[in-house]
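Have a look at these structures, which come just after this line.
You will see two complexes here that share chain A, one where it goes with chain B and one where it goes with chain C.
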Partner chain A sequence: MAKIGIPRTLAYFLYFPFWNAFFMELGHEVIVSPPTTKAVLDRGVEEAVNDACIPIKIYHGHVAKLIDKVDFIFSPRLVSLRKHGDFGTETFCPKFLGLPDMIRVSMDRLPPVIDTRIDLKAGKDELLNVCKETAFFLGMTAEKVIFNAYKKALKKQEEYQKILKEGILPPLALDILEGRKKRKEIPRIEPELNIAVVGYPYVIYDPYVNVGLLKFLEQEKVKVYTQDMLSNKELNGQKKYIPKSLFWYFSNRAVYGGLYYMKRKDIDGIIHVTAFACGPDSMVDRLLEIESHRHGKPYLAVMVDEHSGEAGVRTRIEAFVDMLRYRRG
Partner chain B sequence: MKISFPHMGHSYIAFKWLVEHLGHECIVPPEPSKRTLDLGVRYAPEFACIPFKILMGTYLEVAEKGAEVIITSGGMGPCRAGYYWVMHQYILNELGRNVEIIAFEPPLCDLKDFWKKLHRLRVSGGLSVKAFIEVIKTTWEKIKAIDDIEMRSHEVRPYEINRGDTTRALWKALDMLDKANSVKEIEEARREGLEVINKVPRDLSRNPLKVGIIGEIYVVLEPAANHYIQIMLGEMGVQTDRSIYLTSYTRKNTIYNLEGDVFAIARPYIKEAPIGGHGVNSIGETILFAKHGFDGVVQLAPFACIPEIVAKSILPKVSKDYDIPVLTLFIDEQTGKAGVQTRLEAFIDLLEKRRESRKRERLVV
Partner chain C sequence: MKTGYLGVDVGSVSTNIVVIDEKGEVLSARYLRTNGKPIETVQGGLFSVGEEIGNKVEIAGVGTTGSARYLISMIVGADIVKNEITAHAVAASAVVEGVQTIIEIGGQDSKIIILRNGIVTDFAMNTVCAAGTGSFLDQQANRLCIPIEEFGDYALKAKNPVRIAGRCAVFAESDMIHKQQLGYNTEDIIAGLCEALVRNYMNNVGKGKEILPPVVFQGGVAANRGLVAAFNKYLGVEVIVPKEHGVMGAIGAALLAREAVKKTGKTNFKGFNIKEINFKTDSFECNGCSNACEVVQFYENGELIARWGDRCGKWEMSTR
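On to the complex of A and B.
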């Protein structure tokens, strides 16, 4: 039995239930780094290469928080999750591809890193192979045990996906899945506005990174829709509306989500949350802006960085929400 | 059709010839200037990298001159560059410019699409298949000759006695190539051009430092984007070699091909390849330059270039392991020539001191 550390950022918001269940089934303990704070970010800024984007810096900070507390750090190399895109070569941002090597080079006293290469282009069975490889790394070779853990993990992930599809945001969905909160306890409010918030999961769901954006929208009685509440079919159906799909998994999801909500009449506006110096987002943002313009949907891009303060973001969101109310009449 | 294309180093000489001999009118893209960049910065997304902005500016400039079609390259990711043509087209449409961008995606990905676009260019120019192939072949010879001449100029420059002689000779040689119209003429022009450069008065007693240049393809290949770094270094008395030439995939005399698989060399440091652009190459090439006795390496990259950031975060370890200093220059629209020069001078000073102290050490031993 080992302690396995998972940083609470990047793919955590979408795929944590799977790996949590998998490791627990194998009899390991999973330790998640604490929620992002200023201290985590500052630590990340110290450790990471200075030109990296905020999410990568925060990732370094989370990894630093796990050092000395865990036996292994789970930092898989996310290469691709499906065969998609114009040439079937959809992948992740290059920084994800090099992430395990980046933390290995730039951080001292790092426990062994589990850097299983996750490339599911070949087919569905590939995920089982990934699980096997990960389990072998941890010294578990009994195929049957691995298979059972894999099945359980898949089930957990499906359950999670189902909760998301009900329109519940990932942080809350995770609480419900783990039994920390009951569905009944969620207060039901009549939304006054419907806003689609699109962007990368690690930007829009992390309350520190998004400077309280979701909470603020909730206070304003806004129902928030994100791309992760849509099924893959709904998302991928949007592919035909752009000349060429993007190369990156999360970007494609954000763009498709944006395009999907733009066409929905009940959605009042689109907010795209992006991180400073995010490479793919320089394309995504302009694409969404032009498409929103063509669809006649109000569009707001919120950029977050090391120094973004709550007041600044809040003012802009407030103005945007006011404008939407006014527009609705 | 009035056709234009992106400006990338001296390659425009060959592409101009290509477009004209395909039976189209060529709008030669101007060398990227302050105006090009200003235009690009105004209309491009803020965090697009500098190649995007320069190309944006170039496209707007050629659109003013009446270009109807712009030919460029596509890509399959994960570097952003493969998506540039889509965004450029979006933005040009938004601005109401009537320009169509034809992007050639890698033929291995989509052969049909590649073929269709080639066919369109050929038919609209009115060429037979045979003549078309001939024109493409000749263009390729021209590109190779341009690279040969440029490479030689970088070898000669650190020895020149009168500053600027080599650059002037280079332009003369390129001018000769510009006028060549067949494979035979290109060969002649190449020989004559090399001779012109070789005739530059040189002081062979010098022992120049050797610096390798690595990084992202556009800022490495386009002197206007990297503030003429190779000329600048050459005039400081430094011999430079760069990892990327347009023709480097097919020839032997660049360091790149001598060693086989550059990804395999980088493997101890980064297990995934490719990660887009020239990210992994930058790591592998630094190792190669170190092994070939170069004194230092300069990494050139556009600000916020994703693959090069990954490379940069790993390079300090390579630099330590192989004992080779690396200077990273991130270039954006704010980068000034004087700033680049100052940092290069400091870097070269460091390399010189390093070489001297090593020589002394060797004498003591």
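On to the complex of A and C.
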């Protein structure tokens, strides 16, 4: 039995349930790094290459938190999850592709990194192959055991996806899935506004990175919708509304999610949360802005940065919420 | 006694205080430099407003806005705390009927607000770039040894504005120096700077916005006639600079206060003479987790009345 470390960022917010269940079924212990704090960010800034974006720096900070506490760090090479886009070229952002290499080069005293290449373009069975490879890494070769763990993991992930589809945000959905919180404990509020918040999961769900955005919206009695509450069918159905999809998986999800909610009458406005120095977002943001205008939907871009200045973000969000309230009358 | 409403706008560079009457007419206005001391500035400013109109006007509502709006709300006893964008939009709508575009340039930020049928439909603020804001103009005026009040008039005297790179304050400055060293006259350089700032504003804050007249230009920088001329030239319409352009945020806060007390029926106003009250802040670093938040504590006459700055809410106690 080994201790497997998983950083609480990037793909964590969407795909943790699968890998957590998989490793546990194989008899290992999963250790998640603590929630992002200033210290995690500072450490990440120290460790990572200078020109990386904030999320990548934060990832380094989370990895650092796991050193000395785990036997392995699970940092898969995230290449692609599906055949999608023009000529099937959709991948993760290039930095995800080089993630295991980046941490290996930048960081000292790193435990062995499980850097399985996750490229599911070839088809459905690919995920099982990825699981096999990951299990081999940990010395498990019994195909039947691996297959069972894979099945259990798939089930867990489906369960998670179902909770998200109910309109529950990932941090809370993870709590419900793990039994830390019960559904009936969630206070029901009558929302005064409905806002779609789109962007990368590691930007919009991490309470440190989003400078309290979701909390503030909740206080203002706003019901938040995100792209991750939509089914793949609902998301991919948006592809036809733009001349060309983007190259990057998470970017496509954000754009499709935005497009979906723009067409919904009950949604009062769209907020795009973007991280400073994100290359793909220079396109995502402009695309969402243009499309929002075309649909006559109020749109706000919020940029988060290292300096964690809450005031600027707060002023913008307050003004945006005010504006939406006046529009409703 | 007349009924009045107090609006206080405390920004990075200036602190503005106004009192308006029931109809929205300005009874008293102060445009002060914040000088990094928001509490003392407001105390002093309020005292002087009180001396001017305190025995003629009874304050029935108070609103605060600007980046220090939460802090100041506790000092003056505000009935409403609002962000600058809403405050500016409310003020401009009251002053210029049917306004569709608001250009607001302040000390360290600049914004654009788009209204249609009296409702804000879109807005933007400058992000990381401060080129074109009041602070930069202040600094350049200083460097050229021209009083900031005359800066705009120099621009109007220009015959051939020189082209200056306005993309970035640092580049703009080195470009200006370069042009000076080549022998261009000061008027043409200042006019060129005004045009560069307008270009930068339009490409940065105004990017993708549908700018329709009437266009209102407000904020401290609207006093600069060179910039007004540059905006007129760029937009091809005459921008309207309201008489009270420098204190529009405060007027908006006062107007919002007028609305707010209609519902509550009373005000929290502490009076003009808050100079006697001893307001103090101190801060400490919380060791509860590795966020190491700097928590600010606010005291009134030695009594702790508010605390903020923590991310988790463990220490928070305030009007927020």
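Note that the second predicted complex is superposed on the first by the 329 of 329 C-alpha atoms of A that agree within 3 Å, B and C clash if a C-alpha of one lies under 4 Å from a C-alpha of the other, contacts with A are read in each partner's own complex, and residues count from 1 in each chain.
The rule is simple: a contact is a pair of C-beta atoms (placed from the backbone, for glycine too) under 8 Å apart; a residue touches a chain by one contact, two chains touch by 3 or more.
These figures come from a predicted structure and were not determined experimentally.
With both structures placed on the common chain, the touch criterion links A:Ile4 to neither chain B nor chain C. Residue contacts after overlaying the shared chain place A:Ala311 against chain C, while chain B stays out of touching range. Of the two partner chains, chain B is the only one touched by A:Leu246; chain C is not. Of the two partner chains, chain B is the only one that A:Cys93 touches; chain C does not reach it.
Of the two partner chains, chain C is the only one that A:Pro298 touches; chain B does not reach it. Between chain B and chain C, B contacts the larger number of chain A residues.
In the superposition on chain A, A:Gly212 makes contact with chain C only, not with chain B. In the superposed pair of complexes, A:Val40 makes contact with chain C only, with no contact to chain B.
By the document's definition of touching, of the two partners only chain C reaches A:Asp322; chain B does not. Overlap of the chain B and chain C interfaces on chain A: residues 276, 290, 293.
Against chain A, in their complex, chain B makes its touches with residues 45-49, 52, 74, 76-80, 82-83, 86-87, 89-91, 94, 105-106, 109-110, 269-272, 275-277, 279, 303-307, 309-310, 312-314, 316-317, 330.
Against chain C, in their complex, chain A makes its touches with residues 37-40, 207-208, 212, 276, 289-290, 293, 298-299, 303, 305, 311-312, 314-316, 318-320, 322-323, 326-327.
Within the complex formed with chain B, the chain A residues making contact are 48-49, 51-53, 77, 79, 85-87, 89-95, 97-98, 100-102, 105-106, 115, 117, 242-244, 246-248, 276-283, 285-287, 290, 293.
Interface residues of chain C, counted against chain A in their complex, comprise 67, 82-86, 119-123, 125, 127-128, 208, 289-293, 311.
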